[in-house]
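Look for subunit A in each of the two complexes below; its partner is subunit B in the first and subunit C in the second.
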Partner chain A sequence: MKKMVFVLLLLVACQFQVPTRKIPESPVIYTGTSALEASFNPATMGNLIMCQQADIYVDVKNVGASDINNGMYSFITEDQYLVPLTERQKKFSLEGKSQFNPKGGFDQIHLRVRNTGILPQFETYNPEIIFQACYKYSTFASTQVCIDPDIANLNPRKSCRSEPVLLPNGQGAPVAVTKIEPYMVPEGDGVTPVFAIFVQNLGPGAVVAHEGAEAACKGDSGLALLNFANVRASLQNKDLKCDPNPVKVEGSQERRFVCQRKDMLFGPSAGTFSAVLTVQLDYGYVNSLALPLDIARLPGQEPC
Partner chain B sequence: MKLMKKSVLVLFFLLVLIGCAGRKAEQPQPVDFRTGTQGLYLSFVSNLPPPKLYDREPLNIMVQVENKGTETVGPGDVVFLSGFDTSIITDIPLQGVDIPTLEGRGPFLPQGGVDTISFRGRIQPFSSRRIDRYVPTLLLTACYHYETIASAQVCIDPNPFAPTSIQKVCTPSTVSTGSQGAPIAVTSVEVEAAPQKTRFKINVQNVGGGDVFRAGADALRKCSPYAAGLTFDEVDFIRLADVSISNIHITETCKPRDNSGHLRLVNGQASIYCEYGAPPEQSPFLTPLNIVLQYGYRQSIARQVEIRAVS
Partner chain C sequence: MPDAPAPPGRPPAAPPPSAPAGGLPGMDISQLQNRIKKIAARHPLWAAGAAIKLAGPQATAFLPGILADIARFEAEIETQEREKAAAEERKREEGRRREAPSAPAPSAPGAPAPSEHAGADSKLWRFSKSVFHNTYDLLLKPLIPPGVGDKVLRIFLISGILAAVYVVLSKLGLRTLYNIPISGLLVVAVVLSVYQIAPGPITTFTRNLLLIFGGIGGFFALSMIPSPIIYVFATAFLAAYVGSVWLIAGRKKGAIILLVNLVFFGLLFTGVYIGMVEPGSRLHNAVIGQQQVFNDIGDFFVGFWETLWSGGRKAYFKLTGPYELAVEENSQQPLGVYLEQVGTTSQFVTMEDTVNVFAELRSRAFKTDKELVINVDCYEEGKYELKDKHGAITPRSNFTVAEDEQAPIDCNIAAFNLGPGSHTVTLEATFDFQTSSYLRGYFMEQAQIRSYKRQHPEEGANPLEAFGIADRNPIAVYTGGPLYVGMGVGQQPIAITNETYGPTLTITIDRNWPEGDLIKVNSLNIAVPPGLKISKVSGWQVDKYCSGGGDKEYSCVLNNVEILKRLFPVDETPVRLRKNIRVETMIADRGVLMAKSPLSIRSFKLTMDYNYRIKKSQSVTIKEKLPT
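This part shows the complex of A and B:
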């Protein structure tokens, strides 16, 4: 009996182990090189019989750190074979990643098309349906840079050194700030920081001008479709002047621009410290996706 | 049986007496306190600052300062906190905080003074700046005056090459002095005896891991991380305050020294050459050579903190 009580006590005691509590980590938002991720849903009918209708489903996710507001999508079809039964061009909005929505917004876009027939000499025909999403997007890069007025290195004990900062992981947007090179330019007893900022399109789509986002999906043409991004940079809540602005972001080429502010002078009394340089890039972005269709004629099938 | 009892009692009594005799009142014994290579010792108090915190939270930093050396640190000596953006972390005094008076170790004081210094800052909200996190390295810099007092027992032989065969109590040789409870140490004294003149080569080294600079309020101001910085003619200098032997001050004979009595350390080391003219009629004898060095000293420690945005 005593033994049983002892064993029971032992078991009960084991229940009082201090549970190991793990402090939840807050999600990292400003990372990654994608904005809109689009893919055809498996429920999409890729094979259809002549004269039949097909449902096309596109899953869209905003995995970037900015919201998409009043973006536009459009489906491009070969009109002589496929007639859209639902709207093929529409505006859409999708929330970006945030502390409260760490995965970003998600939606599904539907298009119903009907085949109007294929040429009599063909048994099958393989057109493509192209999905295109055009939207305004922004890159926000907040990077720690070292402001060091002591360029002569009189004080070897410093909290940081002014050296290039590499940013290989993106900032939750397709156009990424990849590198920042800070230069401390001597000016009297102090220094004026000058930043060479490198940007690159690391996403799967193409950059258009901020104001040209909608036009890209409407099939318009003009200057608005050129690959330019507007730049804004600030240090200690003061705007810097960037040159060139807007900056051309073409293909996957790395582009460089320089930001500084003439009246921003850090004397010895400022000390050496880590500051946050914020860079904002505003641009339009276009994602495209193609779905190959297979339209087959049944043996002896009459025209639609 | 009675005799046996008596002898047991006597034995017990004797034992008590012996026991009491052994209980002498313990006198505090002076200890050899002039050892060690540190002056001021700085350390962040555990979790102050915490390794991770959020914006809009107060930033509390507490530093423990301990005088591990033998000289007093105190009024006029300052601790600075730097390395952060003053537009993100505000309310930290950039002019530094005075170090409270901390007595050094002494013959009857095995531990020097210990105290704490606090910094309390405010973190500005990140939301308007679109900052996810800010990870500054907080640098704590202490600038203070210190002194090294070294004593080496040296052999003075006014007639080292005298053609006599008298017994000598000592032969002039190098004396190793180790450290003296200060960041600048007199590591050894080399003695070279010549007729009527004994030359000393006093070897000095920066053993504290910090930066040494000219003593004085002006240099102490420049030691601040918010100042223009110590220049080439200020850093790595110590002042030879006094060298004496048998109560005779021989500082004036010492070289190299500039007009203000300072000399430069090269790669953290220096040698001072002094000489003493001993009376020729004196036979060899052992005597303490006392050396006093004065300087400013800078030490720093760093701690990285991660500040994250609440929203």
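This part shows the complex of A and C:
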């Protein structure tokens, strides 16, 4: 009997939930590890008949926190079979996520190709179309760090402790600051804060030099081959000197650089306090996407 | 073969033993001689052997064995004589019993008197019998010693068996030349095993002889039942027989029997048995049937093996070789020219007749614009050079076909031209055919490849991953048909350096069908991507055969006799497969090749025109006259 009453009470409690008004969540902008998201639109003709033309549509979305300005896209096609009828390479710009555009900018890129035929005796041919977007991008990371001149821990009631800070969710860019390790380096009576900053490419593409972003889509060597990100860091609005700078961001390996300022000295009188450390990484980024096509010859079809 | 006691008065088969030269100490020689003499009537060969042994210098050494044999034979003779005496006694007793009712017996009171008619019969029988006995005793007995009748009967019996075996083998189709020795050997073997001439070796030999040939004999006996299942069963029987003998008789005998049976079984696939038997006979059919079954089984396994081997080899080359292959989607469909339903109107023809071999000539899905020409020919296998061994093809020997077509063809050869005996007639179709192939290549700057590899030091990292390309190790795709044409350019992506040399393309031509031959290559059309240029083909300059360039493909059409002769030497007819051709390239225009992209996708293309020949054979037997 007791059990039954309990079950009834539970049911009633579920049924008569007090309606609450949903407060819209503020858009999360500086989070995530993507910048440009590209995908072939379903309207793309994946199957075409020999000698026919096909329209390729690519949906591009900037879901990162930075704007893309003067980026470049490029289609790589097998020219022996597919001749582009529209521009293969073009510049593009796309707004990033912001308070006013919480979903980020969106665009659709179009390429028209014509098949020039397939080898005699073959019934089908399966070429690939590769879409590549190359653009400059930036990562902005800011976090509170503890400046603690009391390295001997004489004060048990400190407002904060100098400990590593983990940033696991990214900052709305493919290259993310993943961890900051503050070190208080004794310098005379005081300490100089030194920050070891860890970065990693968590996005789907590849990092190229900031200046070489366009070259990466044009096939130029040189800058496009350098996987460097330029670093800027500041503490209390004072720029820090980082080393190495630019930092190499290769593959998905975690890389470390150290930032400090020699003249930034905190004595015991300054006490222990929290300060905002901001890190900015500027780099070029390349996204690639492949679309398999199927070209079929109609029975008895003449060459193009 | 004498085994029974020799008749009295007849000299023994072996001479009586003479006194040993060296003498036998402590032995009464004359007594020993008498004992051997007694035995010589029954075992003449042994007696002769004993005499030789006793006359020799090692008589003393042989003596114990001889004495033991003498004791054994004497005991044997005594037993036989006792049995004989008992048998004669039984016979006499029986005779007395038979005669007793007819003899006048003291009449029992009340007993009926014997009838007059019965008494007359008995008298006549008794009279006839007494005349026969008296005649035999008086005239024949001195002339024909006792036991001769038995021997005559045995001789008749053996002759009868010999005749029967000869007739049976003759009816089965064994030629007289082979029948007489085989029948004789068979009967001699039986006689030797039944009538023991001498103890030991001969009997053992005969028994082993029968053991050895029992399997193959049974094999042929079973094979005379015309059914493929029975043919297979006959082989299984032979295998089981040899296996059983191996298990029962031991490894040594088993190995000998296995060897002999293997040899005799192997002769099945030669012309030996066919030459020994009359065409159209049961044995001939058995041999032909067995050959056919094994040919079919062989074809099946050859086909199976070819598929396995070809598949394995392709897989091997895919993993390790200089080229890689894939098959065009539709190339699994039969593509080419086939000779199907090949047969003969009659497997046996007379000299006055015509050998007819027929087939369905079938062409399937060429997928080319031009019509293809097929030439059909037929001739006796191994005698292509002789004109009179070629047959006439009807309705015509040249066919021009486009897509799926089918035509019946007949080959007629005058049996007289082939001559009597067994012949293999080959029907062949030579046709021109085309096989195309392409290989997709990914080109990248070497600096870019190196940069990627630095970033991704893990093993197997491929820069194509960065472009989202799934097929990172493209393989050559070729159209179906008799040949497959593979291509390879080494590791992908192809690195473009600052040098002018380009990638080297390896073309591999190999057999796609398990049967047939590549007779001649008519042309080889090699196209390389825009921006590349062919510098050499297998070390030969080919500039004069090439065209294109700029932003177009650069292609070389190698249809000139001079260059083809170098690539495919004339003395290699049919062309020896597998054949590799190396195509060296150079970079003519880097900008065109890379098309201002970090990655360029380009294809190498190849089209080969060639003549291919397929063959099908049929066996026919030409008889001098029809079997009666």
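Keep in mind that, in the parts below, the second predicted complex is superposed on the first by the 277 of 304 C-alpha atoms of A that agree within 3 Å, B and C clash if a C-alpha of one lies under 4 Å from a C-alpha of the other, contacts with A are read in each partner's own complex, and residues count from 1 in each chain.
In this section, contacts are C-beta pairs under 8 Å (C-beta built on N, C-alpha and C of every residue); 3 or more make two chains touch, one makes a residue touch a chain.
For clarity, every value in this text was computed on a predicted model and none was experimentally measured.
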Once subunit A from each complex is brought into register, does subunit C clash with subunit B or fit beside it? fit
With the two structures laid over each other on chain A, which partner does A:Asn237 touch: subunit B (first), subunit C (second), both, or neither? first
Partner chain(s) touched by A:Ser221 [first = subunit B, second = subunit C, both, neither]: second
Figure out whether A:Lys158 sits in contact with subunit B (first) or subunit C (second), or with both, or with neither. first
Under the stated touch criterion, which partner chain does A:Glu250 make contact with: subunit B (first), subunit C (second), both, or neither? second
In the overlaid three-chain picture, which partner chain does A:Asn47 touch, first (subunit B) or second (subunit C), both, or neither? neither
Can A:Ala275 be said to touch subunit B (first), subunit C (second), both, or neither? first
Rounded to the nearest angstrom, what is the minimum C-alpha distance from subunit B to subunit C in the superposition? 31
Residue overlap on subunit A between the subunit B contact set and the subunit C contact set? none
Partner subunit B, residues of subunit A touching it in the complex: 26, 28-30, 99, 140, 142, 144, 150, 152, 154-160, 189, 236-237, 268-276, 278, 280
Can you list the subunit C residues touching subunit A in their complex? 328-330, 366-369, 434-436, 438, 440, 445, 447-448, 451, 454-456, 466-471, 477, 479, 529-530, 553, 594-603, 605, 607
Residues of subunit B defined as touching subunit A within the complex: 82-88, 94, 128-132, 134-139, 141, 211, 225-231, 235, 298, 300, 302, 308-309, 311
Enumerate the contact residues on subunit A facing subunit C in the complex. 74, 76-81, 89, 119-124, 127-128, 130, 132, 205-206, 216-219, 221, 224-225, 227, 250-251, 253, 286, 288-290, 292
